[in-house]
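In the two complexes that follow, chain A is the common piece, with chain B as its partner first and chain C second.
Coming up: the complex of A and B.
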């Protein structure tokens, strides 16, 4: 049993089921992300942990206590919003001290804690400013300090970086992760941005239509997606329809081209229709020696993306993307050229066709 | 180049409209001031002001209307702030209905409301469908009458007060602020008093000022219910005297400017700041 346990949580609004039979157990000090497209129920699940929504059924246990029906102000949970939600009539110091004042902590203790939070989030210089005098990134750091000042049992972050510009987003992301590790606080982070989820989390819960599709470390989620949805949602992916040729050896045929896969799927028979998936970065141009999965292809298009070059190729009748690192001294094939590419057996995933 | 865009480029032209606008407001005011100073033939004097302020009826009605205005403001705030807050937070679908109800005060003439109040509250109040009498007619006692008048004023002030407060609620994100405060442990009372109200200061003040102006300037209900209010007094004096009403009109203009100035000073920086935010 984890520190925070959600068991069989469901939430229904009018006639729409938003979250269905959601189960998750989070360890103390763990950083878990809910990742999914909008409307997948990730924010609703987070809001149920915060107490802003009450589950239609199911139970939420935090540190051994059932908090399912507790009012939000009776839970010790810190919340960070996309819109910062700072109190405009209060300075940074007053914002951070708000929760402590509500709890009627002695004034010197409040002062000390606020100073501690200011230095943790590097906001000392802005202590007496009002929210409107701060940039978005600074405001979100104030919100972080304010949420942490109360020593919450869980920190909940609802798309906290979505309103910020790209550079700040990346730097604040690592700052949040650093602070979370330093304080050893349990955190749930809601995002629709897969890169964000992959870079910040201990574990990711990929959600779709109110259910968890897959729970795992970023490494597992990216490299070994269990369902077609996860594979498509996380990272870019080439998928194609194929036919099972040999379920034991993992040989499939796509447009008459044979692929070998290390990925075993139970219950498949010869002649079954299957989906195969290959990440663009797993392709490389075939060198002389004979390997598994050396296939003929035609170069369709080449897009320069900075550190990566994306090449569109056709194998059989199906278009694939292939990524290679940019190297100014390496010559790329010409558009229209016919050449050979290869990928390892491990790179070819056979997905559940759900 | 067409004529219109050419005209727009001429600073003189905008200056012309600006001057015209200013004159439109200043000229009547200037005429009133000028007239109020000429109670004595060929002499400019403040005699009309002295006469007006010396009249015992002036102070009595003026103080009365001010007290009623303050009570009306407090009462309508008590009614509107929680209503508007709850609509923003939990009942957005009720907003149209409430907006419609608040505009009734504009649609229904004050004279209809005045007579309506008399016909309902002129009789003893009974529990509906029984003959059990709760109280004598409210209009038989001064306290009861004042109460009815304040209720009437509150209805008149509803459209302006509701819109001021609701606009203020819209500029802050009521729901997110409430949730943030809740997650920090605040209860409803704390949220309204320490988070919502302080951020509505500018819009509450503007609503209060408008309510004040309505109450002090209100003639119909005050006359029908026969309370010693300022505007009926001003009207009555206008029937008998020439210069004193002009003097009082000008003086009340000055008072309103002064109170607007005070509001500017009190809210100035903050109101601007919250808009910029």
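Coming up: the complex of A and C.
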């Protein structure tokens, strides 16, 4: 049993089931991301933990106590909103001290805690400014300080970075992660940006249509996606339909081309239709040393993407993307050329057909 | 490249700004012809006696003449009462159609009604009140015949301070609704949720967050309502026929009347009114800009 446990949570609005039989257990101090497409129920799940929505069924246990039906102001859970939600009539200091003042902490204790939070979030210079005098990134740091000032048991962040521009997004996310580690606070971070989720989390919950599709470390999610949905949603991926030839050895056939996979899926029989998935960076041009999967292909197009060069190839009748690192001495084939590419057995994923 | 482009772009911005000013011309013409010029005339005339000589007599009268002082006070009283009364009533109406969760159609009905009613004044408004709450008005009659309550023997009188205040209220509260409804809409749901998340009750949220955010708009709009009824003339005249000596009614008597005819004193009284109204309008603008700055 974890520190925060959501068991069999469902949420229904009118006739729409938004979250369905959602299960998750989070350890104390863990940083967990909810990753999924728009409308998959991330915000709704988070709001149930905060108490703004009551689950239609299921249970939320925090540190041994059932909080499923507790009012939001009776839980000690810090929430950070996408649009900052700072109180516009209060200065930075007043915003940060709001929760403590509501809890009737003694004034000196409030002062001390606010000062601590200001230095933690590097906001000392802005202490007496109003929200309208701050940039988006600064406002979100105030929101973070305000949420943390109350010593919440869990920190909830609903796409806190998506209103910011790219550079600040990256720097603030590492700042959030650093502060979270420093305080050892349990956090749930909602995002629909896979790079954000992969870079910041201890574990990722990939959500789809109100369910948890896969839960795992960023490494597991990226390298060993269990379903086609996860594989497609996280990272760029080539997927193709194939036929199972030998479930024991992991041999499949696509457009008459054979691939060998090290990732067998249980319960597959010869002749079953399957999906195979190969990440673009796992392809390379075949060299002399024979490897497992060496296949003929035709070069269709070449695109520079900065540090990476993306090459479109056709294997059989199916188009694939192949990525290779850019370097000035790279020798690229001509467009239209016919050559051979290869990928390791481990690179070929066999996914459940959806 | 850049050096060549610079003068051209500079020229184009100056033509743009010239065009912008040209577009604003009607406004300035209007302001000069109907606001600045007449006010300036009035101010000058207030310092002249009947023969066109400079004098401070007119101004001194404003503070010495008991009738004038008390009519200023009466106007201020009725304006304050209807601004606060209409303001509070209008606020709660606006609340109930925005955050209060009344159905959408009701909201557009109230807004449309408010837009019309806030401009309903003068003889028609006075007549409407006489027809409903006058001695023989139909509400008076219903109360008397069906409920057995005679409001006139109970002390109510439409042609009194209370009656006129009620009548003024009819165009005061709709103005409050019109200005407060958007202000209430601008309260973000996240503020409430953030406050609750930090442990606040609904009451604490209103006390510490929502009301302070709205207060500039509430007070500012009340200033506007104050000015609105301070300058009202026709409604009062049509309803009471001059039995309530409001400053506007006194003013007309000085400028056009047969008995009290003293136009120079009238100008000084008008100047006093302009000052009172300017102060409350500036109060409105200042408070409004304060809340707009927050809500940016």
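We adopt the following convention: the second predicted complex is superposed on the first by the 354 of 354 C-alpha atoms of A that agree within 3 Å, B and C clash if a C-alpha of one lies under 4 Å from a C-alpha of the other, contacts with A are read in each partner's own complex, and residues count from 1 in each chain.
FYI, a residue touches a chain if its C-beta (ideal position, glycine included) is under 8 Å from a C-beta of that chain, and two chains touch if they have at least 3 such contacts.
In this text, all values refer to a predicted model and were calculated from it rather than measured experimentally.
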Fit or clash - chain C, chain B, common chain A: clash
Touching partner for A:36 - first (chain B), second (chain C), both, neither: neither
A:72 touches, of chain B and chain C: first, second, both or neither? both
Chain C-contacting residues of chain A that also contact chain B: 50-52, 71-73, 77-79, 81, 83, 85-89, 98-99, 102-103, 130-132, 143, 146-147, 150
Chain A to chain B touching residues, read off their complex: 50-52, 71-73, 75, 77-79, 81, 83, 85-89, 98-99, 102-103, 130-132, 143, 146-147, 150
In the complex, chain C residues that touch chain A: 188, 190-191, 193-201, 204, 208-209, 212-213, 293-296
Residues of chain B touching chain A in the complex: 172-173, 176-177, 179-187, 190, 195, 198-199, 201, 270, 273-274, 276-277
Footprint of chain C on chain A - complex, ascending: 50-52, 71-73, 76-79, 81, 83, 85-89, 98-99, 102-103, 130-132, 143, 146-147, 150
